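Below are structures written as structure tokens.
Each of the next two complexes has chain A plus one more chain, namely chain B in the first and chain C in the second.
This part shows the complex of A and B:
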């Protein structure tokens, strides 16, 4: 019974963690998959989603849902402007893009300290309390995150498969010359997809804030984990990132239960090295 | 009525001049073929008209509008579509998704159903394969899809780059028959780059022969004799 109990704990934790990590890496995957831009400011957008929501709810006393929408809208607009002004002129140069991303990360971290002071902030969960699943007790917030992540994946799938703009984004990610010769303005698509990626990253920050707390350190942690997930899944592959997130979720829950928390991150790197040795482009990578 | 006019077009790749003072005009509903061997600037000429390659000097006008160095999607909006030799299809998508994306612009979207019906009549094989992923199609089917996707843009001027390259004689004839039908259905202007002189001459109203970036022959296709072509290709 003990074995069954621990197995259930590991599996349920793995699924919940995997979905959350999948959500965490989604923005990074989308931005790379469409625009070939490795967004090193990912961690900063992650944490700014949470900071802005915290600011709107605690300082301006705006309703939580409205605060989240407002925060994401601001991040989306910032993403559009940033892509157009800073990234578009340097899109062809990988080193410039990396440097711009790292620079933005530092500026946004410094701005966060300046605007919200360096103390750690906490965002209340959307639904408080715990829930018992089989033999396992998890927080309601984790369950909400799980369903929100699923809903986002379904909405994204519908957007990319059924809408003309979503199909145009897929077309640009597959062949930008092919897209431009049928009349798709590829610059607009790059800008739009960067904005969507930034907003999704911000949303993952908001959803995970009750678990990780809000600090600039959490942004660095999110960036590191998202990079491992995206590389393991295959650069730019949403499906690959999701599988990678589940694998790493299983690793994390099993390692923390049977070995110890400190071995979680080394185990992630270890599994990443093994999979890259077998499949150098990651699980579903094509480039 | 004049449709496309190119005036003293010069294109460079770095220091290398690819086209030299090229000038010509096309009337509405005309099919003109450009012949020439590899590396003499045929594809570059089409790419500079559609905006994929920047012109260093010269002027390109379409239906009276200056389109020199316009962005590619803006040239498509004007009614010109480029169908590349490399096809540039969306390999991870299905045939029907590729065709529907061809009707991306609002003008084309209004005629999406009608044009889709025409494409399936032109290429019945595409109707059979419409739910198939593009990466699984044969070379001939890929060529049909590239032409079909170009047709879906509802453009009045088609720039087609080597439509017969790598195709079997049967599929080649099928593709050329479809291009002929497209012209009849839409009365569109077609600028065709080709190496298969015999097959393309069957279709063309006029022919140009390009050598080292310059036209060495311009005139009705009947005036283009085998000896001139042979000398240009050598």
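This part shows the complex of A and C:
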């Protein structure tokens, strides 16, 4: 019974961690998959989503759901403007894109410190309380996140498979020249997809805020983990990064259960190197 | 022959400029003994070589690596740990501090330099984030998150450097001059030529037998070696090494230095470093806004100065100055 018990604990925390990491990497992989833009400010957008929601709920006393929508809308608009003004002229130059992203990250982190003093903030979970799953008690928020993540994936899939805009985005990501020949405005698509990606990153920050707490350090952590997930899954492949998130979630919960918490990040790193040595484009990467 | 005369003149001018700069650097501590200014100058010297080593792989070899500070910090810790636990003289420790990062760079380079740019970027970035984790973990050896405080004091014979900045200044200057010369020689050598060939016409260069992978690994290792040594000099001078050295702040300072000076132009990174380190020191104390200012600076440099300061200087000074400074090999 003891073994079964620990197995159940491991499996459940693996699923929960997999959900967290899947959410963390979604925005990054989407932006890269469509526009070939590596969003260095990923971690910054992640915490800004949470910071804005925190600000709206605790300082302006807006309803939680409304606050989230407002925060995501702001991030979306900022993403549109930023892509148009700063990224578009340098889109061809990979090093410049990375550098501009790094600059934006510094600005956003500094502004976060400046606007919301550097103490760690906590966001109340959307649904409070605990649930008892088999042998383990987990917080309700983690379960909610699992279903919200599923819902996001379904909505995204519907968006990309069924709507005209979604299909246009897929066309651009597969062949931007071909797409522009058949009359798709690729500049608009790039801008839109950057905005969507940024808003999704912010949403994941809001959802995970009760678990990771809000600070710029959490943003750096999210960036690093998202990077490893995205490399492992194959850059730009949403499916790949979801699988990678689950694999890494299982690894993390097993390793922290049986070996020790410290080994989690190094083991991720070595797994990443091994996978890249065998499959240079990650599990599902095409480019 | 007019052409020969011009070449001779340029050589004289170059000789004169380099000589003046060397004389200024040697004479400076005697003219201005202010310890604060010397401190900034030592930092500038150290970071300028690190920036040049980064520029070597970023600007010349086209390796988009963000792991430079990992090598720097490994170097700083190596010299301290080697002295504390194995009783190695810090002078020999400095060479070891170059060799260890070079080994790490070799292992990493063999895995990742065949991959596309974005993967190299992400893997080296992950290295830079992993190294502090290891340091914080091995608390008994490295001092953990607090930092390593048992750095040895440098000494020659019975003369200990102690807290005096002047001997450290000359040590840093001599080592930086040697390493800077190595970087210059690498750029001018067949390795540098191979990268020029690869940049100008990749397919043709490869068809002539230029082995891109081999040269990339080689230059990556050289860069790691140089950075590691500079890391040990930094550690010995500050007397302290901490995992926070791997932070974004230093990454972006170095990146500003590289871009401000001119990506892929040799003395550019040195000039850029002197600008940004001095500016950064002047802005100490306004921490959040300094972060914002650094971010704004890097974006502004990317947009407003695509060729860097070297580009501006060569444009202003015309051909002669251009051939002096803008030696884009």
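The rule is short, and it goes like this: the second predicted complex is superposed on the first by the 287 of 287 C-alpha atoms of A that agree within 3 Å, B and C clash if a C-alpha of one lies under 4 Å from a C-alpha of the other, contacts with A are read in each partner's own complex, and residues count from 1 in each chain.
Just so it is clear, a residue touches a chain if its C-beta (ideal position, glycine included) is under 8 Å from a C-beta of that chain, and two chains touch if they have at least 3 such contacts.
Just so it is clear, the structure is predicted and the values come from calculations on it, not from any experiment.
Residue contacts after overlaying the shared chain place A:85 against neither chain B nor chain C.
Judged by the touch definition given at the top, the superposed model places A:107 against chain C, while chain B stays out of reach.
Measured by the number of chain A residues touched, the leading partner among chain B and chain C is C. Touch criterion met: A:224 reaches chain C, while chain B stays clear of it.
When the two structures are aligned on the shared chain, A:170 is found in touch with chain B, with no touch to chain C. Of the two partner chains placed by the overlay, only chain C lies in contact with A:280; chain B stays clear of it. When the two structures are aligned on the shared chain, A:38 is found in touch with chain C, with no touch to chain B. Taken together, the two complexes place no residue of chain A in contact with both chain B and chain C. Chain A makes touch with chain C in their complex at residues 32, 38, 86, 89-90, 94-96, 98-100, 102-111, 113-114, 118, 220, 224, 227-228, 230-231, 235, 262, 265-266, 269, 272-273, 276-277, 280. Residue ranges of chain C in contact with chain A, taken from their complex: 58, 64, 111-112, 114-115, 117-119, 121-123, 125-127, 129-130, 133-134, 137, 248, 251-252, 255, 259, 263, 287-292, 294-299, 302-303. The touching residues of chain A, counted against chain B in their complex, run 164, 167-168, 170-171, 174-175, 177-186.
Residues 50, 52, 71-73, 76-77, 81-84, 87-93, 97, 100-102, 104-105, 108-109, 149-150, 152-153 of chain B touch chain A in their complex.
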